[in-house]
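Structure provided below as structure tokens; questions to follow.
As written, the chain order gives the labels A, B, C, D, E, F, G and H, with residue 1 at the start of each chain.
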Amino acid sequence: MATPYKRLDKNQAAVLLVDHQAGLLSLVRDIDPDRFKNNVLALGDLAKYFNLPTILTTSFESGPNGPLVPELREQFPAAPYIARPGQINAWDNEDFVAAVKATGRQQLIIAGVVTEVCVAFPALSAIAAGYEVFVVTDASGTFNELTRHSAWDRMSAAGAQLMTWFGVACELHRDWRNDVEGLAALFSNHIPDYRNLMTSYATLASSK
Amino acid sequence: MATPYKRLDKNQAAVLLVDHQAGLLSLVRDIDPDRFKNNVLALGDLAKYFNLPTILTTSFESGPNGPLVPELREQFPAAPYIARPGQINAWDNEDFVAAVKATGRQQLIIAGVVTEVCVAFPALSAIAAGYEVFVVTDASGTFNELTRHSAWDRMSAAGAQLMTWFGVACELHRDWRNDVEGLAALFSNHIPDYRNLMTSYATLASSK
Amino acid sequence: MATPYKRLDKNQAAVLLVDHQAGLLSLVRDIDPDRFKNNVLALGDLAKYFNLPTILTTSFESGPNGPLVPELREQFPAAPYIARPGQINAWDNEDFVAAVKATGRQQLIIAGVVTEVCVAFPALSAIAAGYEVFVVTDASGTFNELTRHSAWDRMSAAGAQLMTWFGVACELHRDWRNDVEGLAALFSNHIPDYRNLMTSYATLASSK
Amino acid sequence: MATPYKRLDKNQAAVLLVDHQAGLLSLVRDIDPDRFKNNVLALGDLAKYFNLPTILTTSFESGPNGPLVPELREQFPAAPYIARPGQINAWDNEDFVAAVKATGRQQLIIAGVVTEVCVAFPALSAIAAGYEVFVVTDASGTFNELTRHSAWDRMSAAGAQLMTWFGVACELHRDWRNDVEGLAALFSNHIPDYRNLMTSYATLASSK
Amino acid sequence: MATPYKRLDKNQAAVLLVDHQAGLLSLVRDIDPDRFKNNVLALGDLAKYFNLPTILTTSFESGPNGPLVPELREQFPAAPYIARPGQINAWDNEDFVAAVKATGRQQLIIAGVVTEVCVAFPALSAIAAGYEVFVVTDASGTFNELTRHSAWDRMSAAGAQLMTWFGVACELHRDWRNDVEGLAALFSNHIPDYRNLMTSYATLASSK
Amino acid sequence: MATPYKRLDKNQAAVLLVDHQAGLLSLVRDIDPDRFKNNVLALGDLAKYFNLPTILTTSFESGPNGPLVPELREQFPAAPYIARPGQINAWDNEDFVAAVKATGRQQLIIAGVVTEVCVAFPALSAIAAGYEVFVVTDASGTFNELTRHSAWDRMSAAGAQLMTWFGVACELHRDWRNDVEGLAALFSNHIPDYRNLMTSYATLASSK
Amino acid sequence: MATPYKRLDKNQAAVLLVDHQAGLLSLVRDIDPDRFKNNVLALGDLAKYFNLPTILTTSFESGPNGPLVPELREQFPAAPYIARPGQINAWDNEDFVAAVKATGRQQLIIAGVVTEVCVAFPALSAIAAGYEVFVVTDASGTFNELTRHSAWDRMSAAGAQLMTWFGVACELHRDWRNDVEGLAALFSNHIPDYRNLMTSYATLASSK
Amino acid sequence: MATPYKRLDKNQAAVLLVDHQAGLLSLVRDIDPDRFKNNVLALGDLAKYFNLPTILTTSFESGPNGPLVPELREQFPAAPYIARPGQINAWDNEDFVAAVKATGRQQLIIAGVVTEVCVAFPALSAIAAGYEVFVVTDASGTFNELTRHSAWDRMSAAGAQLMTWFGVACELHRDWRNDVEGLAALFSNHIPDYRNLMTSYATLASSK
């Protein structure tokens, strides 16, 4: 009685980046800030690398929540950008849902701040609407480990696939031969240990 | 094959606060006392804010377990208050179940001390009785992380939704435009990081 | 679509204590030794208090695994005691299964050392044989948190109820009025914080 | 409504060791290196001890990922060894799948680096292909606990059995009497606490 | 060869609160925000309770560092308030040093954000100037435990006394009989466990 | 340039147990309650075993702080017992200091609740009065690790020797041959791992 | 009896970066790699910002230890670069000591990999040679917390000042007015929380 | 005012291995068993590698404490071996002190089980006798972190140098050129990450 493998496909997937705003980021305390910043930018980079349709959305960005972090804005200058006027669950915003539908994709890769609200609510709504949902857990942040694990449990029980940015990149890429340099650059830029491996390798290889 | 989203609705939800008693609180060691006190009072505040029917209950309050913490008593002077004469599972007390039924609500938000008993037992009973159950994990405390995760596993497997007070408030509110000031006050009073964002914002905005 | 509540009943439950042996206990490092010793003895005490049929079993006790801890032996001098000649899964031993059947109980409360073997194997076998299984997680020990959580996941996925000794005692007792002093003594002997509450209460009450 | 026990059988199981390469190991930070090395070699030793068909595979071993750790290579000089030219998911490599099929086994014991990719991807593919999958969590490593628990959740939800090397060995062996010395040697070589028990026992026994 | 006891005296001590600003507080990650907020306000309350001369100072409060948290401002409306135009070490600001001298006190109780800069720099300067320095470690926050312990080591090696707000209050008060109610109120407002003890005691005492 | 070894001597040492009261114990959260209770009773047992003069003292025991834990009272029925009327630092109480002097001992072994107040204050006073002070860190409890380490730093800098009950017992005993059975019983009663070693040894030795 | 404040002065300080090599970095496990990389580059940036004489040195860079991380090399193309032929303690290398002397500075800021060797050895030698030594603890990495704290204890006892890069930058800068933009850029580039504060501030300020 | 550097010299150092016995090792819970075993054997290997005079001693090895671990016995078949008849502090045993004197060394490298007794007592005695003492903290084990840090504080305050086996090896070796292969083998055998670096390097170097 086998279980079908819900596998990411770069031709079927879209990325939803929800509420990575400068103010809200001060609420994130379940992941170290250096690591969290790196994870979010890595997710942005991989979305670009795989040319995945990407949607940006924010909540009340003119108030204390603050603006979208500029790096994400710069990564996706042409992406749909929905500054929600009040809806907490992005899926309650018609423009957002329309933008998702417009991608024509059935696999949604979601990350955001904070996990149990800005990620979990649209994730649960999307599952209910028939999408396959992949939560990027390490590019989503929240108050502490207790809130994180509560949110994970709720999303997992509803059928969400819990993944991390590295797993997403690997599952999308399928085969190194599709582009060795591109994937290696992505890893080198966002995994210090991998960068060190490449540095040592390149130095030694070039010294032959 | 989508999963229906069990989503909190302020017109369908009631709150059950179980055994937050002064003596029993000394047993809670899986959450720091400053944070736990804040979480419990935040849950009380949101129950009032959303006008949710709320039921208080205690176990053996004249003995070592001690009285209900006065802040909760003061928050809900008119709420049904069931001082159980002996039943450990509040759902075994007919007055309690009658009070729940009298609310006419089908979504039960439950928190209490200790998690694996005072929360888990009525949660499991309520699910068996056909209710939708939402456990507020961060307003529920227990001896240590091992007991917490055992209790979570049992409740989750039975279909309980694990949430935290912030997620509950956000899911009930739906849209900031319903009342920006009210929700902001709730967050400012119970999330120091959010209060700081508001302080900085207000100061700068007023200095224009 | 409610889930039936698998609820412990003192007339339907039996206790299986598997391989709490002096040598094997040195392998347990996921729980502090003072706490673990207390949890195991608390489980023994509650089994006696509720007159639950209890079965003791050991693995290779004449070798390095060492003898059953004497306190358990003394608590249950008349209990079935199966010193297994070699079977790692106690359920593979016919005498053990016969002893379980002889209790006539359908709810099995299991604890042992180490969790992923001596507990998980008979738990999975018992579930497959149609029993309801309740694992006492805090009276079961193993090498570290990684091995613990792997074992919990496997047992939970198969339908085992993860509980702790305090939850087991409370679920079996149902109502303080069945015997206030007996349950209070159990808690006072095994929960230092509860003992302190009782000490303060009794001192103040007697000083009136 | 009992759940069938997916139980390892030494006549039905094969072992897949995926990408334990000298370079990739520097990415593993969720398990202490001394412990991780020991766990991986213990898994290798038990595969040999039980004569389980074992398959080795690597990813890009001529580049920064580095060669397979020599100890594993030496343990299995005659095992199928698939140096994948590019496929990230080993199951995408036809030679690998052919080697699995050639074992004639339906139970696959999988470990590798990193957990959420090199283990999870073939695990999910194998489940989808109808195999029973047993993940050896403590012989699989990844970046941190967050990535580990995301990977565990995804695999467990799909039906993988999460186990550790000690549990695998015990479930395969079934009964100490099948070979006391062999199993004891395995434990003595890889569990320092068990070795100490044996040392004390042997010393005292020989001093009689 | 006894060591003189550097003991706080309410007639010799002053309090310096350095840079508890709404923006800078988002940098504090070595203490949970609920606990940290409580500790800082507790220190403010004790300074008022013991009528200790108190000095407030901020760094660049019109910029991103943000304003002093309003609660502190409200607690000390008449206190010297030095908004430093640029000096990072408050002791480099002449007005600040003059305010300290004007108190006529030789014992300086210091807390601030962040520990290794805003606390350590004036602490080291004050010691060099001949003052006795008492650092309130739990009302001082910084990036993480590594930065905290580096700062503690440097200050301790220079002769600073590391204390916490509760110890400071107790050492200043000397004897409960000086004012039982006042000290009890301070503890009840800032130590949830103590408040619970008082609630249980008062309830039981009043029920006689 | 050697440092003299401040070594405990059973003919020169006295034990001071400060404020181990049922209410105050609920404040102790830096040590697990099962372990802490065991450590305190172990210290009591060793004080009796070595016939060390022992002094008990409490703070406000008729109020919320609660009575001395009964076990200590029973261990030392004839010991000086100073119920302080208000002094927070026990050394400020003349009866307490007189009782210390009456022992004629120059080495003071101190433990109590909470560490930074009830232990640190008399420890610092005693050092200033010329005594050698040995703090039993694991029989002294406080709010959290931050308060503990601040207190340790202050006491250590003043010259206190930080020890634990096991080290105190070993340093006092000097040589197992002085009484093998007595010391072994002390360890067996308070160190589960040691008890297990003795159980395995005795079982095997008696089976010869 | 005041202690002189050993205070960093940008005209008296030099920076020594010891063995931050691509291979050796895989040994660093006491700090998360994302954070550690950031800390090291922050130290490099501040050395450049304050125009501090900086010396680079490596150990056996042609072997497994690997090359200096390229970023540091690029930051300091003209700095003295001593590739040590074998000396483990950089101070044993005459060229290195000569380079230090040539700076004419008496305050040495040291960081490296691993802490207890590559940092501690030259730090202890430099102190013995009469220099003031400031260890940048968060830009120095080692195997685990146990090795870190042993190394810190040894260096601190010898008189080294334990600091972190942020404290070093602040102590060198003295006054924001010396260059607000430069220091702010340094912080924005290496402290995500500070960058967020600046983003929110700038957005709001510009919206006036 | 420089501090002399107490630097290990292979011609002045001896190694004391105290009570690494099979039974006592079950008490060690502050270090993971796989890591601890590796650290102890690494210390033994380095003692042999540098031909340091080494002394073995045990406490009551015929009882529950168990025999010296066989690996150490085999490493040093000709070393002085003092099975102490009862003295807890090895320095109280005349044969042990005589063996130390017979080495003619003034630098003593000490490790043992448990840290606060078997290591701290002889360390403090040796310092008092005029020796330079170097404690190998990671080859010394104890009950938990609290007991460890108490022991470290006491030893450090008395002047002991806290080191780890890797630091000891590096300080003794001074210069890789004295013997590259020997030191590399020591590291490869006891540092998995270093072994991996060497494997990758050798593979790539040989592929040229």
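FYI, contacts are C-beta pairs under 8 Å (C-beta built on N, C-alpha and C of every residue); 3 or more make two chains touch, one makes a residue touch a chain.
Note that the structure is a prediction, hence the values are computed from the model and not measured.
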item	value
Minimum number of chain-to-chain touching steps separating chain C from chain G	2
For chain A and chain H, chains touching each	D, G
Most remote chain, CA-based centroid, reference being chain C	G
Cα superposition of chain B on its sequence copy chain D - rotation in ° rounded to nearest 5	180
Pair joined by the larger number of C-beta contacts - D-H, B-G	D-H
CA centroid of chain G to CA centroid of chain H, Å	31
Between chain C and chain E, centroid-to-centroid distance (C-alpha), Å	48
CA centroid of chain F to CA centroid of chain G, Å	43
Residue numbers of chain A (touch at least two other chains)	23, 26, 32-33, 66, 191, 193, 196-197, 200-201
Chain G residues touching chain E - in the complex, by the definition given at the top	2-5, 7, 31, 137-138, 152, 156, 161-164, 166-167, 170-171, 173-178, 191, 193-194, 196-198, 200-201
In the complex, chain C residues that touch chain E	197, 200-201, 204-205, 208
Chain E - residues contacting chain G, complex	23, 26-27, 59-60, 63-66, 85-89, 92, 114, 116-117, 120-121, 124-125, 127-130, 143, 146-147, 149-151, 153-154, 157-159
Complex contact set, residues of chain G against chain A	22-23, 25-26, 32-38, 62, 66-67, 69-70, 191-193, 196-197, 199-200, 203, 207
Chain C-touching residues of chain H, taken from the complex the two chains share	26, 29, 32-33, 144
